[in-house]
Amino acid sequence: MVPLSWYLVFSAALFSLGLFGVLARRNAVAILLGIELMLNAANVNLVAFWRYMAPARMGGQVFVVVVFAVAAAEAAVGLALIISFARLRGSVDADQADLLRG
Amino acid sequence: MNPWIFVGVFLLVAGALPAFALLFAKYLGPRRPAPIKSETYECGVETHGPTWVQLKAQYYVYALVFVVFDVELVFLFPWAIVYARLPLYVALEGALFLLILAGGLVYVWRKGALEWA
Amino acid sequence: MIQPGDLIASLGSWLQRFLLSLGLAPSLVSLGVALLPAILLPVISLMTAIPLIWLERKWVARLQDRIGPNRVGPFGVFQVFADMVKIFTKEDLIPQGADKIIFSLAPVLAMAGVIGVWAVLPFAADVYGVNLNVGALYVIAVGTFGMLAILLAGWSSNNKYALLGAYRAVAQLISYEVPMVLTLLVPVMLAGSMGLNDIVRAQGNGWFVFLAPLAAIIFMIAAQAEVGRAPFDLLEAESELVAGFNIEYSGMKFGFFYVAEFLHSFTFGALGATFFLGGWLGPGSETFPMLGVVYFLIKSFAVYFVFVWTRGTFPRIRIDQMINLSWKLLTPASLGLVALIAVVHRATQATPPLLQAVVLLGANLFVFFCALLVMRSMGRMARERSTAPRPGSGSGKTTDPGQGAVARPASASGD
Amino acid sequence: MALAQILFLIVAALGVLAGLMVVTVRNLLHAALWLIVALFAVAVLFAMLDAGFLAVIQVVIYIGAIAILIIFAIMLTRREALTAGPQDNRLWPVAGTLCALVFLGLAWSASNFAGAQSGPAKLPASDALVALGTALVSPDQYVVPFEVASVLLLAALIGSVAIAGDRNPSK
């Protein structure tokens, strides 16, 4: 039997790694990869709690399903923005994204 | 028994079989490396310029539409299983879901993003 | 004790008793016996490819008025073995600048993506690997490995044409995955379950091909495109791409891409039989499961034959036609079909089954004729555009007016 | 140690290793491939948690769709990516320390709250898939998220095509 805390620790590790990717990487696509890791960590948490705490109520799974949709929407729009930006500025460096700076 | 144990073993074997065959073939065949042999093949012409040709932006638009339609499955498959046991409005909910997505397809079509250029 | 009917079940129990008599732990024995099919079934599926390749080469040869393999053995039946010996003893070449690990991983993934489907195929009432309650989705999930394999193969080869071929192949696969998945939704809806065995059982009152013929047709077209064979073999258009994503592959690694293609086609035949032709259902198949295997194989080969027939008959279509066919015809049609079938199926549930079947069939025909109308108007617009005099450009590119469905539709750009 | 625990440790180790590679590997395409490995490990964990539907969906959506989209985006922007200087931010040691602290805090709280060592609850006899479908479409449960998801996907489609579909961006 795997205790609940193992899943949570795994999820915490994945989340921290994703956070590190988001903070440390310069390439915008790499930052997006980090965000995907973080979303997955959240999903592991949700499913683990669903299974260990309340398998009769589907809230946990429904939440994961919604996270899937949000992740896909985020990836689609995010990557479209990155590509558009790359065309405009010739760079995918997130630090260069300062078009709104006055 | 959790049926996924079976699936896991099955997939492992399904991957291991070709992998072993590849290893087997590697030691069965001759090995006489030569620089000419391992050159990039382009119908006899020597290769020029960087290999990483740019992806056509048009492919990306198809991938975008595909992702959106793929994600709807997450919602449609559970719906497809249960709608026959529930009142009629459930079937209509699913149809509405599909119609909203079809609206997206119509938009992309009208914008001309589906045209092969 | 041993009935001819459930040969496999009795074999399993015999093996279990044999192992127990050897003095092994009962829990270990039952686990081993339960997992034995997981080891045997991939081997069986891999072996299936051998007669399949010979059969298809013969079939296509006949369709194209050729003889086909006829040198090795009677009717060339040992041709495949000869090919195997040749391919096994070839040098294992890795092109310079290639990503070695990924380059070798790609053919393995391609095979695993095809063989993996066999885990859920119901060969008979009690002959199947596992009856997953998400079987239909599992089939799609395993199929994504094949897509990944193509992308990896094209990328790791360090060859422009391989990369271009991979881009094209993936564009094709993702385009046809949408109608494929939407039509798989139809049997799931009618059966009320995603388990493949449940779907087969639900067809006891009538095969789904009669209730939803349009879904079956779209499934067939999408399956042909997913396998990437004529008329959808754009991924290996020799004149444009040299050979497609597998240009740098040779020896056994190429062999696996080749085998995967044949096996994939047959696997889609088996899936088509399961989803639309009632799988192992047939007279006496419940009492004699072995008979079910025979029915299943007959139906699978029937669908597979249609794939081969298509492959041997149609010429390759252009890439813009291929894309248009999926996004502008199959996808909208299957979207409408799923929505309409859901409402009609639920609304006529209280009516007698025959009436329901007729209404469902009517709904299919309705969507079908709507699609035909759209096809016709699209074809007409394309014809008008191609015959209208265009300033500046000669008659360089003429669209094919006969193929209304796949001809270039007018660019209905709103901007 | 039970079989399930060994299996979990292997899968989790693979997932964490893949996650580490995602954020450290220089070649972006390799990072994306490692992301696929990490996603697959998560799918295996879903299957171990008796959420077979989510496991399959994880493969279909994440590996089959989102990862492909990301790989396409990498291929599209690789010319721009090559001109960029270092892959990492100057402040990455700070970020690393911060993330290690976050991990320690999360792991500590995850293993010390009441019920952290509890085993899985008993699964209800009914099919979880049917329950999920019913929950998604029942008006007193999650039908609003169900329809809103459709609108969200529509908005994402329109938005991303409007942004990326521009043929002639003003340079």
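Think of it as A, B, C and D in the order they're written, each chain with its own count starting at 1.
What we mean here is this: contacts are C-beta pairs under 8 Å (C-beta built on N, C-alpha and C of every residue); 3 or more make two chains touch, one makes a residue touch a chain.
Note that this is a predicted model, so its numbers are computed, not measured.
By number of C-beta pairs in contact, C-D leads when C-D and A-B are compared. Taking the CA centroid of subunit B as reference, the farthest chain centroid is that of A. With centres taken as mean Cα positions, subunit D sits 28 Å from subunit C. With centres defined as mean CA coordinates, subunit B is found 21 Å away from subunit A. Rounded to a whole number, the gap between the C-alpha centres of subunit A and subunit D is 6 angstrom.
Averaged C-alpha coordinates put the centre of subunit B at 17 Å from the centre of subunit D. Within subunit C, residues 132, 134, 137-138, 140, 142, 167, 170, 174, 177, 194 each touch two or more of the remaining chains.
Across the assembly, subunit B contributes residues 3, 7, 52, 55, 57, 59-60, 63-68, 70-71, 73-75, 77-78, 80-83, 85, 90, 94, 101, 111 that each touch 2 or more other chains. Of all residues in subunit D, those that touch two or more other chains are 48, 50, 52-53, 57, 60-61, 64-66, 68-69, 72-73, 75-76, 129, 132, 134, 136, 149, 153, 156-157, 160-161, 164. Across the complex, subunit A is touched by residues 57, 60, 64, 67-68, 70-71, 74-75, 78 of subunit B.
Residues 44, 47-48, 50, 52-53, 55, 57, 60-61, 64-66, 68-69, 72-73, 75-76, 78-79, 129-130, 132-134, 136-138, 143, 146-147, 149-151, 153-154, 156-158, 160-162, 164-165, 167 of subunit D are the ones touching subunit B in the complex. Those residues of subunit D lying in contact with subunit A across their complex are 2, 4-5, 8, 12, 15-16, 19-20, 22-23, 28, 31-32, 35, 38-39, 42, 45-46, 48-51, 53-54, 57-58, 61-62, 65-66, 69-70, 73-74, 76-77, 80-81, 83-89, 91-92, 95-96, 98-100, 102-103, 106-107, 110-111, 115-124, 128, 131-132, 134-136, 141-142, 145, 149, 152-153, 155-157, 159-161, 163-164, 166, 169-171.
If you check the complex, the residues on subunit B that touch subunit D are 2-4, 7-8, 52, 54-55, 57, 59-61, 63-68, 70-75, 77-83, 85-86, 90, 93-94, 96-97, 100-101, 103-104, 107-108, 111, 113, 117.
The residues of subunit D lying in touch with subunit C in their complex are 29, 33, 36, 52-53, 56-57, 59-60, 63-65, 67-68, 71-72, 75, 127, 129.
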